[in-house]
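Both complexes below contain subunit A, partnered by subunit B and then by subunit C.
== the complex of A and B ==
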């Protein structure tokens, strides 16, 4: 047997072994559990720049400082606008309750009126502050919802050089789909740090709706943190860019921030 | 070249054509086939925008504004219940909810872009804050709940008149169309949905919208034209049969029809010219033109056969063509000149192309009539027509009943030429009066008959709601976020207040209305808070708040992303030009005198403004285009008869025709509109043939100095007169068929053109002989002295003519 033939047989053997013993794709629910098991920090303070671009390329840029804190399963969020000047100190406060049947509470402070006003809760599928992310997207942050979808692992892919599993999620029923505004979601989940690096969404009729990329992921105080979210809506041509800076999981998130008084006081 | 030389050339030419008849026919067939190959590539274009040239300023402005604000022409479904409770009862609201969900499911509808009471939020203020919630989560099950919804909707000014009828008798479901080119299919889907909707007594569903109208318009007119055009062809064939009573006399002219239509439509397709709604009117015109030459050639052909029964087919054909090539060439040139006038003077592409391809059709009909037709006839064994039987006397033929009727008619004209001239003067006077009282107007919905569902939908929606005819006003400020400035907003508010006082303006919407609503909601819902906020920051913060509850592009129809440009949409309940004109002119005057200032400018846009501009332009250019068509015909006729006076005499009958057409339109209330503006040019193109044939034949007859003037004129009637009679009957009845159309515009087209042909025929055969008899024009070889006639000759003019 010649050397080349031996070599050829070796390669063949390797290919067969690869095919027979290669690890099967991980279970989808297992992937979802791993995503949700990640540490997100109890509290976080961060600066958020929102850059919104309409289909004609015109942009609106808003600078904010945002805070979030978990109280058990209850989640409180407050966002203060810093720029542009004419909306400076406008602020939104939200208390999300874990009970499904209890509506969230939301308050708004308009400095030009000098009044805090309670505003009604938003639906999960509503768009968040004029961005291409929905309230549900914002609420979940880096997590995934366990109850809304049936999911399966459909393959592997690579995003920005990172290997990831493709997770396909279909809403459990039509009402849920209509509520969320999605008929199908495909996420590319990093197989090392269990964070979503890309999401694709289809509307309830199966038409491509939007694509999000989660980028500039690095550790802050030991927690994997995304610093850049890019979303493009394929139907409207509208785009959203979120840039996070000065992320801090350890300092500066006092309980007083999540009150109506804090809205009036401003930052 | 002298007359003699020209005759010699013509003789050689026709002798040659008949020498290789099969080759000529083969070439003719090949050309038809080549042209026909392109026909399937024809592209239809039924958009109302297609009537405007692409560089029309109003259209460019409109498209710019549409692009900036993402405006579309949506489908509108109206649910109407004119019972005591209106639509605010459990059953009807459930129906609205059901329809909204079903419409969102339809193909070509973006489910996020369906708007109705079932999708929109009610925004209310209370002491602690503001509540944004749907009017219902599940449709109400009791009347009490329905009453609450009615109260909520009626308390929301932005929805009253637009989403809900002011009196509560109706509500709209508005669906944006994803792909406008498939709007017609969506319209059908919506009608089907309306059919299977569970309706209670008193409930009605209407479907409307610009997308629906233009799509429907196309298929509606097409279907009708496809039914009527063949009918017109059958009628014309029947007339051909009555005239000649032979198979060849019916089939060969139809062959020329095929060639003419193939040439015109095939070339249209080959050059990528689209088939517009009014191109449907080109087909009967082409058919009419194509057979006209045949009537004259066949009349002569059978006359020749009857006079010289023993001659060879080739001799008969060549002699026929020697008689006929000159008049049919002249009528071809004058008709082409008329359509050239239409082509040159029209501003609208469909009419320009109508003129151009009618010219091409006329040329093709002529070409086939002087080549393929004689070639084909030379192959056929002479077979006399029962209408032209040889007389006992050699070289003559017996006149049939039509020829005898025309002779009687001719004698009547010759007896009372002054009466004829007097009548013509009266007709002309009435025509001028009518033309001056013609009303320029247009209304797209008028195309359809009153009982069509689209007409009922349009009238219901315009009656109950603010209206679906939009005048958009684009506001442009100097700097980004200038629209936050209260002084700019107040200016817009004042303009809206003024415009809403104008007749047919149902309402208006702009960012001002949203800001007022927001101000009220954040001030405990007090109705006295329905005012504009008075500082810039508050406006900015309201918009931010609005974006918190809306979609990223929620405001795109009212304001651009920089808050520099805004759109004010004025809803009108009428699509009639005269109503639109009043509003557009008042709005423009207000903008110029009260609105525009440094740093803020307003520009009119929207469909209403586009319609106003081009229909106005149509009115301004109409007389020019008619005048140009007449001028071209005059020029061509003057050249052909080598006489300026000859030119005037030729255009006299068509001028009277045009005046009478306008008078009939004015007195019967037919507007000068997009479609009717072409009637005059078509009437000129078709009608001038009668005059040219008459004058040409009179010229020939008068050159025979062996007859008195009266005898020469009388000789016109049984021969050329008879051919013209059948030509006239074919056109009048062929177009008359169109008068039975379901499309109002085609009815008018058919009846007016039929009328025009009738007037042209009668004036040509009455006025022209009367003019010749009374004024003795010199270009016909007549001198001014009365009684210079040569000695009397045979009373049978045909006998004389056979010498030719």
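== the complex of A and C ==
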């Protein structure tokens, strides 16, 4: 038997073994459930720096302080802008309800108007205050929506040296796709800690829209926490960098922060 | 040693502050704020520098040139309290919009801005201390209290008076006149269930609308707002008869606001002197007949409510206000001093739509009805206005295009305000636009038909 034939048989044997013995890919909904079941703490306070860079390299920087708290399955999030002076005191509050048929409630405080403005929750596909993340992205943080997508596991990959499963999500219908601004999403989910490490988005026409990387993931007070989100919009060339610091899950967050009064008063 | 040097460096500021204080009014508060900077630790400071220039479209003449500096400082205390101070220094070089062209006697002494020469104005815009105290949240000092849900059209946003130096063209944030106010808020979820807040206001500050003088660029000339002496008769405007008793002439108010089944609602009540003076007139006959006009302020009750609710791409919002007795100009012979009063009911309903990405469209319908309307009133029994706002964001919100149209459907006059603003740098914004008035001269907007202007402004934050 020639060496080439022996090599060929060996490869064939390996492929047969791979097919027989390899672990099947986990179910996509199971992965989504694991992502959402991950411990996020009841409440968290953190500082967030947003760096927004346009295609010519011009960068704008916003310093914010953000808080999030769960009330059962209801989640409330508030972001206060601290710098620069032009946007200082702008604040965004959202109450995110677990019921699929109940719209979130959202408010925006614009200091130039000195008024808390009710905003439509169907703006969720709009980009959040000049960033490359949508209102929905901001609201979901590290979680995924169970109701907006049909999903399947399409394979495996590696991001920053971490093994992950590829999760493909397609909006359940055209209306939802239009609302979200996405026609398809592919997420690379870490197979050990069940956090998304990379997301690729396509627009509703199927063209590449943006790619997000979730990096510098490490434990804070026992909870896996992302400290860096990088987003590049392939259509506009605009990039957004979110840097989290002073993350605190332990010292509690006052309920008073998640109110319209708090938006008006600022930090 | 270092502390002594810092004090020495800061002494010139203290001298300036004390000089300002000698000029009277509320400026001693500036000195107090400065002392806090020295003794209570370094505050967080933000500053906005601004420049605005406007020129008439018809004649090309410069209408306004303004340089501004608006520093803001915040001191935090260990007890959870916070002191916020905001100053505004601005220099106006065009005569029609200079500080000297605004009636200053509508201000209480402790609230009045300090004029510096012919063109400068230093204003302690706000100075308030706020802190939680048991179940209450107190905000005490000079501040703005903004009620209502309407944009550009005011129904319940009447707690603070307004400067009409540029009619309604100046940003409300800048034209609203902050008042010395005791503001107490308390969550009353435990009383009513749900999310409810009670706000109580006590305003011992007798400051009212600041109106342009007769020779100012935006002086009122519409018969709705300004008495019209007969031909050959001149008008003499007397000093206003302004309430001045600290306690007895205070305003007081209450707001109950809540969130119920997805609806933001509020019930508002205010016992106040109408910020708009009644222009009482007296005819003096003689060789040179004249009409003597005396602005007087009258008490009234304001009762109202607001709501807003989001449904899909839409937000519906509105407010209703009942004013127990407002004074209006009247030509009727029985209105002996040229004014007569009537209760007024005002309502505004707004509909916001954001169904297209980066786009915002808002429509408002406004109606005001005088329940005791009498022949001779110079304004109609029912007055209607419409507004349309379209705003589009480009390039990750760095460029914003906007068109605001406000129209009075009774007089068929209105105001068109297209504008473009662009964030040149992180902290530098440039804005350019047009303010175009149209309609008959007797109308609220048509009276400024000659004042159409082009403007450009710069705003730099530090």
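To be clear about the criterion, the second predicted complex is superposed on the first by the 219 of 267 C-alpha atoms of A that agree within 3 Å, B and C clash if a C-alpha of one lies under 4 Å from a C-alpha of the other, contacts with A are read in each partner's own complex, and residues count from 1 in each chain.
In this text, a contact is a pair of C-beta atoms (placed from the backbone, for glycine too) under 8 Å apart; a residue touches a chain by one contact, two chains touch by 3 or more.
Here the structure is a predicted model, which means the values were calculated and not measured.
Residue contacts after overlaying the shared chain place A:90 against subunit B, while subunit C stays out of touching range.
Once chain A of one complex is fitted onto chain A of the other, the partner contacts of A:61 are limited to subunit C, with no touch recorded for subunit B. By the touch criterion defined above, A:205 lies against subunit B but remains apart from subunit C after alignment on the C-alpha atoms of chain A.
Contact with neither subunit B nor subunit C is seen for A:158 once the two complexes are overlaid on the shared chain.
Contacts of A:27 after superposition: neither subunit B nor subunit C is touched.
Once the two complexes are laid over each other on the shared chain, residue contacts for A:114 go to subunit C alone; subunit B is not touched. When the shared chain is aligned, no partner comes close enough to touch A:174: not subunit B, not subunit C. Look at A:265: by the touch rule set out above, it reaches subunit C but stays clear of subunit B.
In the superposed model, A:236 makes contact with both subunit B and subunit C. The contact surfaces that subunit B and subunit C form on subunit A in the two complexes overlap at residues 52, 54, 58-60, 84, 86, 111-113, 115, 118-120, 122, 126-127, 129-132, 181, 236, 238. Partner subunit B is touched in their complex by these residues of subunit A: 52, 54-56, 58-60, 81, 84, 86-87, 90, 92, 107-108, 110-113, 115, 117-120, 122, 126-132, 181, 203-205, 233, 235-236, 238, 240.
If you check the complex, the residues on subunit A that touch subunit C are 52, 54, 58-61, 84-86, 88, 103, 105-106, 111-115, 118-123, 125-127, 129-132, 181, 236, 238, 256, 259-261, 265. For subunit B in complex with subunit A, the touching residues are 67-68, 70, 105, 110-112, 128-133, 481, 484, 522, 533, 535-538, 540-542, 544-545, 547-554, 556, 560-562.
Interface of subunit C with subunit A (complex): residues 46-48, 72, 130, 137, 144, 146, 148-149, 151, 171-173, 176, 185, 187, 195, 197, 257, 259, 262, 264, 308-315, 317, 352, 354-355, 357-358, 395-398, 423, 425-427, 429, 459, 461-462.
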